[in-house]
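Each structure below is given as structure tokens.
Shared between the two complexes below is chain A, which has chain B as its partner in the first and chain C in the second.
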Partner chain A sequence: MTHHLNRRSLLKASGALALASGLAAPSILRAQAATVKVGILEPLTGNLAYNGTQCVAGAKFAVEALNAAGGIKSMGGAQIELVVADAQSRPEVAAAAVDTLVEAGVCAFTGATASSLGLASTQAAAKYNLAQVVSIGTAEAMVERGLPNVFRFTPGVNKCTTVALDNLRLLNEGAGSPVKTAAIVHEDGPFGSGMAKILNERLPGIGIEVVETIQHPTPQRDFNNIALRVKASKADILIPSNYINEYTLMAKAIRQQRVELMAIYSILGGAASNIKFVRENNEVAQYVMDCNHWYDPQKPASVALAENVAKAGLDLTYDVMVAYASVQVIADALERSASDDREKMIEALAASTFDGSIMPYGPTKFVNGDNVNSQPVNTQIRGEKIELVFPKEYATAEAVFPMPKEG
Partner chain B sequence: MKPTSMGQAVLIAAAVLYLVSVFFLSSPIWMGFSLNALIIAVVALSWNVTGGFGGLFSFGHAVMYGTGAYASAVLQVNYGVNAWIGLVAGIVAGAVMGAFIGAITFRFGLKGSYFALVTLAFAEVMRICASSFAFTGGGAGLQVKLDPGISTLQFQDRTVSYTLLLLVVAAVMILTAVMKNSRFGAYLIAIRENEDAARALGIDTYRIKVIAMAISGAFGGLAGVLYLQTMLYIDSTVVYGNAISVEALIGPLIGGAGTVWGPLVGTLGLHLLGEGAKHLLSNAPGLNFVLYAVVLICALRFLPQGLMGFAARIGPFRKKEEDDDNA
Partner chain C sequence: MSSLILPAVLSGLTMGAIYALVALGLTLIYGVLHIINFAHGSLLMLALYAVYFLHFYLGIDPYIAIPIVLPVFFVLGYALQRGLIAPMSSGSETNVLLVTLALSLAIDNLALYFWTSNTRTIDIPYAYDTVEFLGAYLPLGRVIAFFAALAVAPVLWLFMEHTRLGASIKAVAIEKRGAEIVGIDVNHAYAVCFGIGTACVALAACLLLPTFYVTPQVGYTFVLVAFTTVVLGGMGSLPGALVAGLLLGVIESLCGLFLGESLGQIGIFLAFILILLFKPSGLLGRGVKA
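== the complex of A and B ==
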């Protein structure tokens, strides 16, 4: 008996197959290992793409490490699945990307590199009761809105500035107070302008007079005039607040124009804690100091992260570190809540006392969404490395201040 | 606003169908995407008044958008003024800014690329000013407190926000159509076609162009306020940045400058293309922009009169003499 395949039978067969696949699907899903979705919202395109891409890399390393260690044990070893969304370096896109994360079913997410992006994304996430562990977002407005879904893990601009100025005072006094005057060079956006305002207010309090404040747009490609103005001001120390490209160009111009400074001391500096800057501009970068986010290099997880980053051929930047740590914080909350319910995640994060992250922080304690036990550290570029010089308990090298004349 | 050909009718129907379908998709992604697209559509409609009907190509329409947003934000944040009054203030501030730029540039006879560059410069100056003064929040920007309610012009349910935005877009389009069919619209189009001839016919070209800038500014200011009330946060780069100026002109250019539906069709089309490319190439961030750019270049090369101009040539009920302007 022959059987001819005509259009009708083909349709019937296709329909039966589709039905069978549809009915079979749940059992297939049940057979797979349980997963729990965690989001990461970062600028993967646009002018912050480098930082955002680094953050995603850090989060992926964290997820790999956590999954390799058995996943979320309270949820039967559920594996973490990272859902990545691109904020395109634009606040309105960051807010819209939260919708993508919600539709993907994430229980919480981390991000978003710049305060403007974080302000938009946290607000959008608040409408869904979705927790955001803010990896980097230094603007204090982030934690001043009373949003219950905001958990800023890293320090804000006020704490960074306070610690940085305390450390600068200690360094200066330790060297016999040679630094009397400062020049500030800052970008004209939220980060640089805010920082310049705070510095102008607080530097006189530690005995340093601000003799020049220069602002520039981002991008800015010629820093020679700015370097000459710094030179003319005869400032003892330069405090820059700008992003990586401008920071690099500024440092080069300072060297080319032979501006004699006792130190380049940045707070949340764009390049000063960036190994790319050290590698590509080694001579210019020597002895540059920064007060920034940084991990505790002594912890075993930090050592493993550094190895994995090197193996992957990536730069070990603070973006990688804070994203890694933020995923650790979310994983701890998942472990305690034993659920991927959004509201339970908010409760678990609000009660977080996690002290196992790679950062040099005390146990997590969120007060109005701000982790009061976070702290920035001081780094200094020495040779091919970025050494941690403050606080002493985490230090890998002694600070050199002021920098040697020919350095 | 009536289509002149089958092609235009199809384009308009597709746009309307999409906008209505958002209500039934129940997808937060599409809702968020459509909210953004509609806000940009209002800026595009704003640019269309001067760029499309008047031939006054502005490269700095963010100046009206930003001024509207900042006017409302400053009043709400610094002085506790009601958001609805902020809305009116934003529209008025945008109109005043438009009229001011128009008055000084047209007084000195600037046109074409000179006018475009001056508008660009104004946007940049305003960006720097907004990031420098304390009352505009300096570099940190301004943030309106999250407080959903009708009186604060903030809506918890985004379907309500979307419905209101749709009504605003419809109102702006109706006003555009009324303007276009009025004596004023005819004067403006005459200026676009040949300003010297229009002046020779007795049209006060200076006055007409300044009024057009004021109307455009009002629409731009309105768009800025809509953005503020949606995002509740602005800073100088966000609202005075080049990205807004580019989005303002690219939608009408692709959709069809000098038409009522063109800016909406172009903006929706471009945003859908961008979103589609993003989903298609989600594993390679940035590649979506390449695809977007290629389509954009092709559209500019092969559709000089935009989608509406192209569509006007398709279909049975075309009136040749009205091809370009009647949609």
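== the complex of A and C ==
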């Protein structure tokens, strides 16, 4: 009897508390400016945490800028609220985190740093007709599954490789074709393996023979053997495709093993476009080239972003840039659809012609979920800076190729 | 490829020395006291950050930091065992496991919160210096780690075999109740052992950072191979940890060279299975009496 009485009392008290606080809260919230929820799914823990955290920072800067500019005007100035989910650097968690985003009520989301994570999250999001603007996800499988909710804003591995090889050919021919052989070092996930396959197929087409292809896991503790194999191959250039930690160890090992190269030419390199790598490993970083995602540094929004990132004490990496741009794309779709309905967002993104992002792209045009007007650019580390060297219209410095010999 | 075998072996030995250094602390805690310390990797990460920040803020070289970091981590290890692990586990080995797991999660997530997931490396003047030996270029930092491992293992062994405190720790490990009866302060012995183990991890961090990086996840990169090293060398055997660490380094390096780096780890676990199959007590471990 006493037990029942206590339980009832507890229920009554809980009900009263709910009425007093919980139920009253929505009416207060409704009185405030309307919000629209946009998700970001990134690896905030695990091996890819650095990249994921940088992406979230970029998305937050974009949301701040968009909200400060008046929010989504077609929705009465609705403010964007960013819902962050952690993919933990694991595909199965990335897929599960989509449920969290759906429960939170997001209209679309961006992510997810690595192809393996993006493949899982887009598949999971397809069940809910939830659009994912893929910020980084270079594996071509991303856009080859016919999923209507996938919108890859940045270039995939095929385009990056094609542009990178075109630029490499131009650089090599411009220097009198000194580069005849290449060694490829890549991580063994879908990103690196896909890249290595394409490079092996296409490098001979531009007059460069692949003399060594070495794959490694992530994380990889020791790069001495890899450096020794590159040295033994007598390759003229090294083309790496891996993430920042491994890239850093690899660059050090290359120097320690006295591997003589005409260039380190990365394609989607984990560190070659990372200012932290430049700062902490300046000696080995010099003249390293990369073909990667990068913003147009001359656009006013880019300048503002660079200032805000510096003020926040963060590094301006391409992760920050692409996440920022992806949120811009979602905001444009919201503006045009004037609704946070998931289906309408998919329709709006599919019809996107947005050309106001910070990236050096033409007007957005998604064909089978792939933005055909995206493009990577070439960067080169010079002194303390990462300079944009290709294409010419965005360049901040002339490319140096081959790199000067030491001594 | 044959010309790469000797450099690969030497490279494996120097990498194995790092494994041995990480495993020495673990073999004391895990092997002697039978505490499965899931926080070992997290403590390594913490020590790497300590070394990093000493360099970043005060310009202290990682090797000069050894006399600072070692005592601090000894005290930290002692305090953790005395103030957290022992009271929370109440003498139950299962509880110890859970407490160290919780400790590991707490340390990792606090590191992520305070220091972010940023990869950090240090820029030191000798970062690219190498030692030329038999035609191979060995990174100076790794050569120093190799000789440090060769020096530390015997010192720890001498401590355990020829000092009163070492004997106390062993007595506690063999027969806790009996040790208590003869007047050994069991809690103190446990805490000293944990403190020494943690100091070993700090030493490994000082020797590792010149050639490696630190992130909140870095502990996981070494902890699994450290557990493997301890079991392979023989539970609680300090010379065993050294030999096993060096052996695993060489096996991993050669497997990486011949099978590809992605399959380098296979060699480690194949050797692990084979050695335990034919010598269940590990390379230099003492057999268990029936």
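As a working rule, the second predicted complex is superposed on the first by the 379 of 407 C-alpha atoms of A that agree within 3 Å, B and C clash if a C-alpha of one lies under 4 Å from a C-alpha of the other, contacts with A are read in each partner's own complex, and residues count from 1 in each chain.
Just so we're on the same page, a contact is a pair of C-beta atoms (placed from the backbone, for glycine too) under 8 Å apart; a residue touches a chain by one contact, two chains touch by 3 or more.
The model shown is predicted, which means the values in this text are computed figures rather than measured ones.
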Room on chain A for both chain B and chain C (clash or fit): clash
Chain B versus chain C as contact partner of A:188, first or second or both or neither: both
Partner chain(s) touched by A:145 [first = chain B, second = chain C, both, neither]: first
Partner chain(s) touched by A:100 [first = chain B, second = chain C, both, neither]: first
First, second, both or neither for A:214, with chain B first and chain C second: second
Chain B versus chain C as contact partner of A:283, first or second or both or neither: second
Chain B versus chain C as contact partner of A:258, first or second or both or neither: second
Contacts of A:49 with chain B and chain C, given as first, second, both or neither: both
Partner chain(s) touched by A:382 [first = chain B, second = chain C, both, neither]: neither
First (chain B), second (chain C), both or neither touched by A:91: first
Location of chain C clashes with chain B - one stretch out of 25-33, 97-105, 187-195 or 205-213: 97-105
Chain A positions touched by chain B in one structure and by chain C in the second: 44-45, 49, 53, 188, 215, 217
List of chain A residues in touch with chain B within their complex: 44-45, 49, 53, 86, 90-93, 95-96, 98-100, 102-103, 115-116, 119-120, 123-124, 126-128, 139, 141, 145, 147, 188-194, 197, 215, 217
For the chain A and chain C complex, residues of the former touching the latter: 44-47, 49-50, 52-53, 188, 214-217, 219-222, 224-226, 228-229, 232, 244-245, 248-249, 252-253, 255-258, 276, 280-284, 315
Touching residues (chain side chain B, partner chain A) in the complex: 27-29, 31-33, 35-36, 39, 128, 131-132, 138-141, 143, 145-146, 156, 158, 227, 230-233, 235-238, 243, 278, 285-286, 289
Residues of chain C touching chain A in the complex: 1, 3-4, 7-8, 11, 15, 109, 112, 116-123, 127-128, 130, 137, 139, 211-213, 215-217, 221-222, 252-253, 256-257, 260-262, 264-265
